[in-house]
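Every chain is named by a letter (A, B and C) in the order it is written, and numbering of its residues begins at 1.
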Amino acid sequence: MKPTHSARDPRDLGGPRQPLLSVRELKKHFPLKKTGLGLRGPRLAVRAVDGISFDILKGETLGVVGESGCGKSTTARLLMQLTPQDSGELVFDGLSLGSPGLSLRDYRRQTQMVFQDSYSSLNPRMTVEDSIAFGPTVHGVSQREALSRAHDLLARVGLEPARFAGRYPHELSGGQRQRVNIARALALEPRLIILDESVSALDKSVEAQVLNLLQDLKQAFGLTYVFISHDLNVVRYMSDRVLVMYLGEVVEVASADALFEQPLHPYTAALLRSMPTTDPLRRTEQAPLSGDPPNPIDPPSGCRFHTRCPDAQAICRMRAPVFGEAMPGRSVACLKYQPGSGYAASTIALKEVTHA
Amino acid sequence: MTAATFTDTRGRTPVVRSRGHGANVLRRLLRNPVAMIAATIILLLVLMAIFAPWLMPADPYATSMLKRLKPIGTEGLPLGSDELGRDLLSRLMLGGRLSLFMGIAPVVMAFIIGGGIGILAGYAGGWLNTAIMRCIDVLYAFPSVLLAIALSGALGAGITNALVSLTVVFIPQIARIAESVTTQVRRSDYVDAARASGASSLLIIRKHVLGNVIGPIFVYATSLISVSMILASGLSFLGLGVKPPQPEWGLMLNTLRTAIYTQPWVAALPGLMIFITSVSFNMLADGLRSAMEVKQ
Amino acid sequence: MIGYLLRRLGYALPIMLGVSFLCFMLVYLAPGDPLVSILPADASAELQKQMMQLYGFDRPLIEQFVRWLWRALQGDLGHSIATSRPVVDEVFKAVGNTLMIAVLATLIGFTLGALFGFVAGYFRNSWGDRLASFVSVIGVSLPNYWLGMVLVIVFSAQLMWLPATGAGPGGSGSWTWDWEHVQYLILPALTMSFIPMGIVARTVRALVADILSQEFVVGLRARGLGEWGVFKHVVKNCAPTALAVMGLQLGYLLGGSILIETVFSWPGTGFLLNQAIFQRDLPLLQGTILVLALFFVALNLLVDVLQTIFDPRIERG
């Protein structure tokens, strides 16, 4: 496997300016089990992902953050097409998924995923090399060729093939297993890798090593990452841009630096305040996010965040904000930044003065 | 966990290979004395049944009015004789053939059919799963003895009918286990990862599901052999299985029932054989279960 | 709670329907013409015609099933071929007799099984534990028809303490609760009790061991609670499951009593089934199986519901 980043990838269709993956109005509701004899009127559903749209640019790492239950993992599974969406479309390098130009099989060859649980994502009855070689054999690579690719990749992720290739998952440590999972994802030579809390379960020191490995691999193979995590420090370290989700919706997208320096959405701001910090000067007096997120079966009216928002006004309860550009390169879904929304702008200024 | 047992060169570079799961289970099983004793007994019983025609001291069908119901230890009749004067030892040896066959065969058939149904239902999920499992639940709603007797009673006596009834009794039990194990595996991340690699359902079932579900289903099936032995002999005991004069332990127990006042210990012998076989299978199945369940 | 009850009932009803359908089909499983199989061999042509119309064998299967079910719901399970008495009467008389030994066997089995299970669970890996585990393996591996024979050999043939077979002087019709009759109950019930004993012992052992290893019990001990107090906690925590197992076992025994009843010539449902099978009395076979199977399903339902009411920890989806 040769590094591809310097030369232009022959699979690149639309050039560097075209997003690698465009997500359009993606929606997934999970219907609840009917109770009893189904006498309960309309069927309820968990609105896990409720019509989200965003772009993943070529060569970037897009961080995805949000509280647990906000739809991060469902989004990952939808991107990987492990769960079928109710509606919406995925456009990969200009080709719509499911169109004659891009079959699901082709798409899966170019998009791979690394799961959170390093143990349960490896077949306990398969040796490490067989797990890695499985994908390529599915796509017609010979067994011999696939195994030798597996050995190369093991070496690439820092596991000596002679020692590790013939082992079973339970004989490896968590960090080693996650390296195997990364190697398996790489085995299909994908262009996009979805990392769903992939380092969250690891010890801090191991986590750092794996993060560095991921950075190296990205450089070497010209990869694009979707990096999902609840750990904001790690997201800041890894990401070029960050997407913030709340209750199945995208509330803010910005470059990592801009977002962490100056969060626009009150939810983003609250999330950042809840970040642990050792710097006494950065401690805030204002309380971080309180309480649990509302029930995604029956989300609040208007802006979904209004029940916990420190800046909420009466209008927020009635009017749902539109996700749109608030300043160059920054998009947000908040009435505060929506001209003519009915949000009394003076109050913001006043509040900002109070805690400046 | 001991690793590193041998090296091979399947890939380009020589690789240290770990012992597989099956080999580990076998090693643990071999180190379990109770299971090994049970396995030895079963092996001896099976050998006895297979080679009975050559090992039998006397003709198991030869009746004699003079030698009726002799006690254990009579000269020429080491285990006594039955109500028709036939040599009990020979009959017990030859009877092992049918008894073991009728105990094991239904479980094997139910393992194939029920296992297949359960894996299908578990992997398919959705409405197909619901449809299959509701039908299975109906069969499962009968106590097993009752279902076996109802089917055998309706079908009529005979070996084939008894085998069919017992198979039907065990299908729902095995199918339920197979379904739940398969559902678990289907929802696992490694099956998701296999799907993400673009593999077809059939390939995933073959490469990722089967290897992980066969073990637990097999262990459960082995634990049913003991029950099946008792039930099969029970059917013969009721006159619903093997027909006389064929020797079979359950049937022998039934015909010897009249002798409990004259030769009680001779009368109890066929039951003892059923008991020993059933306990041995139970112990072996227990050993197999604990050998598989070790946390890795 | 109400939602759960409704859901549980909504699940049990189709099962009951399926069970009924299977019982209905038993007549068709039998080799030969179903009409022939429910008629006595010497039935007249007139009777044949009458039965044909009554059972509607010329109609589609589903219609026959609905008619059969409708009659069954009104308590009409047809007539026994051998005795021409209504099947319902025969079955319910026999169910009473079977219940006597089944209930007694459940009580004996539960008491002994719980005792063994407690000892084993409390003293893990001691000789008591090994003995109890051994007893429970024996309990489930014993062919109970053989155990019955052995008990008869020991207590009736050899020691002559107890009667071997039957339901006492005067036959099944004249049961009274005096020693003269009750002594006939002892051996069958004891034989039968081995089945629940093994299973209850296994369950209780696992439950006790599990509870003792849980943190709250460790905490209670650490706070100085005496052994007696810990014991009470353990009992309180494993009672619901153990009792549920006992309830289910009663159902199994009712359905599985045929072999034991045959050994002891006990005039219960097993005896009735035996009779039905050998006289090819299919209406009687069908009726007995239907009643026993439905009883089993209903008992399952009852145990589930009671368990949810008394053990609110159990969250059911």
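What we mean here is this: a contact is a pair of C-beta atoms (placed from the backbone, for glycine too) under 8 Å apart; a residue touches a chain by one contact, two chains touch by 3 or more.
In this text, all values refer to a predicted model and were calculated from it rather than measured experimentally.
Engineer: Which one chain sits nearest the middle, judging by mean Cα positions?
Structural biologist: Per-chain C-alpha centroids ranked by distance to the global centroid put B first.
Engineer: Computing the C-alpha centre of each chain, which chain sits at the greatest distance from subunit B?
Structural biologist: When every chain centre is compared against subunit B, the largest gap points to A.
Engineer: Looking only at C-beta pair counts, which chain-chain interface has the most contacts?
Structural biologist: B-C
Engineer: What whole-Å value do you get for the distance between subunit A and subunit C if each is reduced to the mean of its CA atoms?
Structural biologist: Averaging C-alpha atoms per chain gives centres 55 Å apart.
Engineer: Between subunit B and subunit C, what is the gap in Å from one C-alpha centre to the other?
Structural biologist: The computed centroid separation for subunit B versus subunit C comes out at 24 Å.
Engineer: What whole-Å value do you get for the distance between subunit A and subunit B if each is reduced to the mean of its CA atoms?
Structural biologist: From the centre of subunit A to the centre of subunit B is 50 Å.
Engineer: If you look only at subunit B, which of its residues touch subunit A in the complex?
Structural biologist: 1, 3, 7-8, 10-18, 20-21, 188-190, 192-199, 203, 207-208, 211-212, 296
Engineer: How about subunit B: which of its residues touch subunit C in the complex?
Structural biologist: Within the complex, subunit B touches subunit C at residues 134-135, 137-139, 141-146, 149-156, 226-227, 230, 233-234, 237-240, 250, 253, 257, 260-261, 264-265, 267-268, 270-272, 274-275, 278-279, 281-283, 286.
Engineer: Taking the touch rule as given, give the residues of subunit C at its contact with subunit B in the complex, in rising order.
Structural biologist: 14-15, 18-19, 21-23, 26-27, 29-31, 137-138, 140-147, 149-150, 152-153, 157-158, 164, 251-252, 254-256, 258-259, 262-263, 273-274, 276-278, 282, 285, 289, 292-293, 296-297, 300
Engineer: Within the complex, which stretch of subunit A touches subunit B?
Structural biologist: My answer: residues 77, 80-82, 104-105, 108-109, 111-113, 115, 117, 120-127, 129, 131, 134-135, 138-139, 144, 147-148, 150-151, 161-163, 165-168, 170-171, 181, 184, 188.
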